[in-house]
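Letters A, B, C and D name the chains as they come in the text, with residue numbers starting at 1 for each one.
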Amino acid sequence: MHRVAVLGAAGFAGAVCAYIAERHPSLELTMITGRSDAGRRLDHIYPKYRVRRELESYDPDRVAERADAALVAYPHGAAAPVVEDLLHRGLKVVDLSADFRVPQELYERWYQPHEAPGLLRRSIYGLTETHRDEIRAADLVAGPGCYPTAALLAVWPLRELARDVVIDAKSGVSGAGRGANETTHFVSVAENMNPYKVEGHRHRAELESELGPELPITFIPHLVPIDQGLLASAYVTPAHGVSAQEVRDLFREAYDGEPFIELADEPPGVRDVRETNICRIHATVEPATGRVMAFAAIDNLWKGAAGQAVQDLNLMLGLDEREGLV
Amino acid sequence: MHRVAVLGAAGFAGAVCAYIAERHPSLELTMITGRSDAGRRLDHIYPKYRVRRELESYDPDRVAERADAALVAYPHGAAAPVVEDLLHRGLKVVDLSADFRVPQELYERWYQPHEAPGLLRRSIYGLTETHRDEIRAADLVAGPGCYPTAALLAVWPLRELARDVVIDAKSGVSGAGRGANETTHFVSVAENMNPYKVEGHRHRAELESELGPELPITFIPHLVPIDQGLLASAYVTPAHGVSAQEVRDLFREAYDGEPFIELADEPPGVRDVRETNICRIHATVEPATGRVMAFAAIDNLWKGAAGQAVQDLNLMLGLDEREGLV
Amino acid sequence: MHRVAVLGAAGFAGAVCAYIAERHPSLELTMITGRSDAGRRLDHIYPKYRVRRELESYDPDRVAERADAALVAYPHGAAAPVVEDLLHRGLKVVDLSADFRVPQELYERWYQPHEAPGLLRRSIYGLTETHRDEIRAADLVAGPGCYPTAALLAVWPLRELARDVVIDAKSGVSGAGRGANETTHFVSVAENMNPYKVEGHRHRAELESELGPELPITFIPHLVPIDQGLLASAYVTPAHGVSAQEVRDLFREAYDGEPFIELADEPPGVRDVRETNICRIHATVEPATGRVMAFAAIDNLWKGAAGQAVQDLNLMLGLDEREGLV
Amino acid sequence: MHRVAVLGAAGFAGAVCAYIAERHPSLELTMITGRSDAGRRLDHIYPKYRVRRELESYDPDRVAERADAALVAYPHGAAAPVVEDLLHRGLKVVDLSADFRVPQELYERWYQPHEAPGLLRRSIYGLTETHRDEIRAADLVAGPGCYPTAALLAVWPLRELARDVVIDAKSGVSGAGRGANETTHFVSVAENMNPYKVEGHRHRAELESELGPELPITFIPHLVPIDQGLLASAYVTPAHGVSAQEVRDLFREAYDGEPFIELADEPPGVRDVRETNICRIHATVEPATGRVMAFAAIDNLWKGAAGQAVQDLNLMLGLDEREGLV
């Protein structure tokens, strides 16, 4: 059994980390922390996860004493110093924030001055399907953003073929986090949907970092009235004409044997993957234009955050990457 | 007062036609028909519209006796012969089906053999903002589809600039009509969203017909868990670089004085236009790529169907086009 | 034209007051105020209401200069001093808060020390159907709470017959107000429903005040995942056996000629009354037990708040009470 | 391993039975049948359950050959002959329909002439918490209805104390089954809620059967816009005054050690139990009236149908009743 702490367990993604860790056959959840919620029991905040344990306040020595690995679900900026603490104390860390996902220059363009730039070299981008071997060897893995997870999985098999990419992404409200504000108020969301951050959403830093700066990528997120679920619709102008069959073959090759990629004959719905670590994808060609299209559905809190973090941690600990996730 | 009949009033769009017509200061609703629901009262099917009137079965002579104009909300195929009946009897007709929206060749490619091809020449496409003068002079107007309404209004000011267009459209469930099936079952839709008809949705016939065959248009519809509302997100590759200000100017010029177009400084939400005839649009340029983007929100049953049909009828009857709609 | 100010127009109920007032044929909306939102335009907060006017900060002299009447939609406690200001300056006031709904003793038991107890004698409870004549003569009317509106309208015709009443009430989230918190977060509400304040909700003060202290009333509110709408299910143990027909007759007599009461042959849905001032009621007897039951549906922001406030104001100003509401 | 067949697996409850059975450590799912869907794969109808198996048509000999036990999820009336077939062939059966839940007289009053009245004596009502020992010994168990499950669990500890009971129950739409009709259409349900079958819902037969004919029980179901989840709010007039503490003690005693009953200090939400076999209950006394109240939340497809059926089957097979359900 590997002892694991979940830091920031009072947030949506952190709570799912705690939920998965507590049911995981090879992990022992030894500690959960919260910032403003320290002292509350997690099952009082989220009865449905039934993690009957108290949120503690963060103390790096206590974490190091009680855990061999940590899932860090703090907001960006707040995560970096914590990650630094824990790495210095010998823990393996999966950080779910944006702090270690992209090079310093990109980070500072989209976010803020970096708190621990020296660690960026050690960090591996935690999209398992494209970085598996590096993840196995890493002690710091940066869990990808929810949008980039779906978008990259939709585009990855097409990256050589693509001349131009438009990603129209739609997310449920849990992606906006637990903060209560005008945007997340039920009355703002119900019977509504809208694009947002159309001048540039920070998650595009990850797309550029992973796909390279040469590929023109339009990326626009939308908010839709669902709780958990994210759909990325990718429209790819191919460098040369391809058939639907060729496109499907590209996906089959790219994802052959992947335990959490599901290639579907029909367009996926987010309900198909709710509360799973699965990314369900349908790829095809639009007959009228020859445009290549791939639609990828995930649960933003699972494959888009906590599930993928555990998948990464499984690899870092030498476990079967499916453990605790099926 | 102009006497008007609503045929097919038991469907979602037809019921809104009846609702608007009954409150319209210059129309007198004299008759509503339903096919399988003849004999039922409309307010028993839709209490909220409070049209306390019985659905009759269709008889062209009776319609002609009691009405000077008709809003026809029958399904495509079923509409054409009815429209023919009524035109022959001297009524002005707005047909909400697909039967008179596009040339015969396009219709038969996407739908079925046409029942009244001889009338296609007389028919005007009822997108008021682009065909106003022809509509004024017409006796047959084809109400546009809900998707094309939003998509065309988003793209129209950009049509000279556009090299390539991707339209990712999202619709609420009322767009699928009153038919109860696996797709419209609450349990299929709640907490779900998915693309559909990705190999080609029939509404693309209207986009091709209005924008011309040279412009490559990708058009993919999605179903989202809302009742009424439709959002078209249009991604346009421009022929040459333009600024956000230039794009906004194009929209201001194109829609100057339009009573039902609302240009917004922020991305629109469908809630902003619910139960109105308004199309709310935000257009801008993505800084990272120079891509031009326009987001158009409508209520699919109002501006996307019944509201626009009344707007058309107002013009055909020489009324202020806003009557009954504000 | 009567000049009217809406104070607290940035809240959900206040915004609907402004919306109705601006379209009202005999009212001129001359001023809207907000507290934390002063300086913002109301249509920027609520695009759908299209009240293109700036929220001002509150100044009693300025209000008195520009308005003959006021709709006050401030929170309880904050409302009383404002109401006092305006009455002293000669305005007619409908206050939507709880401050003037019940006698001082009841108010202070459920709320807090009263800020203007001297005015309580002048205040009339604004449930139009039961206090119409007093409202006509009043210069201060207290708009009823949303729950009491539906509950009282369901129980009123049965008040002589009732031995015991259980009211199980269900409200949409807009009833909780615009405040963003854990309770109103989309993720807390979607796919959820729950009772709350089961040890005693403050709105029971109004039920006791209007129905008298002798009648035992159980009143339990529930939160359901809808935006606008409230349903009160009232279960009444009758003093003696009655038939369904007798019950229906009681309702017919009680509500004969009422412009906003709709007696339905079927149980009402809240969708039937959305964005209307109508209370739709179905009353019957349960065959198995003889229990009398009445189900009343309203839009909590309309008949449960803003719509009813305008209905009251219409009466106070000598107008037809339906003006601006149909 | 016990071999199990799920009959009627294409319905909502049957599909959950198949889902649970396939992941159950001591069951081997050997066969699933569907009626109109025979030949389709279950994961094509419900991708999220990932039961990659074809629905067969029903043949009693084939079932008997391949299974030792069956979960029957056919509609009432259709279930009885199938159950008879299988019992004669020596299978243990949990029937999820209404066919074996109540005595013949009650059944025929609320449903229709009974198809296999001779089996009624052998059938045990499958509410585990109240019939556990009989279930262990049974070869035919009738899975309780979803409403009675929540209602009975809310009322059971109070049955000696109760003089009079009002149950206001609220269900998500999956309780209405997979049939697509006006009631289950997304557009009918979204932003709506309403009571239904107010003159008498068939599930009251179970309440009378289990609680006895002397106790007056009002039972009114409501439809709310959620997918899975059911809340029973029970209002009980006690025979004598009791304190909240005494009520809580009654529940603690009644449900001591129950693996799927969760007594909560706060009113339960259905989200707390979604996709679990748990019934979460809060019981208290209304201070103003002394009325005893109990609120019970379940997932109507799990504890209200498939989960409880597996819980029953576990007992019938001598397994730990929690197997496959936690």
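One rule holds in what follows: a residue touches a chain if its C-beta (ideal position, glycine included) is under 8 Å from a C-beta of that chain, and two chains touch if they have at least 3 such contacts.
Quantities reported herein were computed from a predicted structural model and do not represent experimental measurements.
When the C-beta contacts at B-C and at C-D are tallied, the pair with the greater total is C-D.
Set against the Cα centre of subunit D, the chain with the most distant centre is B.
Centre-to-centre spacing of subunit B and subunit D amounts to 45 Å, using the average Cα coordinate of each chain. A separation of 37 Å divides the Cα centre of subunit B from that of subunit C.
Centroids built from CA atoms put subunit D at 39 Å from subunit C.
Contacts with at least two other chains are made by residues 188, 190-191, 225-227, 268-269, 271, 274 of subunit A.
Residues 164, 166, 168, 170, 172, 188, 191-196, 198-200, 204, 216-218, 220, 222, 224-229, 231, 233, 235, 237, 267-271, 274, 282, 284, 286-289, 291, 293, 295, 297 of subunit A are the ones that touch subunit B when the two sit in their complex.
Taken together, the subunit D residues at the contact with subunit B in this complex read 12, 173-174, 178, 180-182, 184-191, 225-227. For subunit B in complex with subunit C, the residues that touch the partner chain are 47-48, 190-191, 264, 268-269, 271-276, 280.
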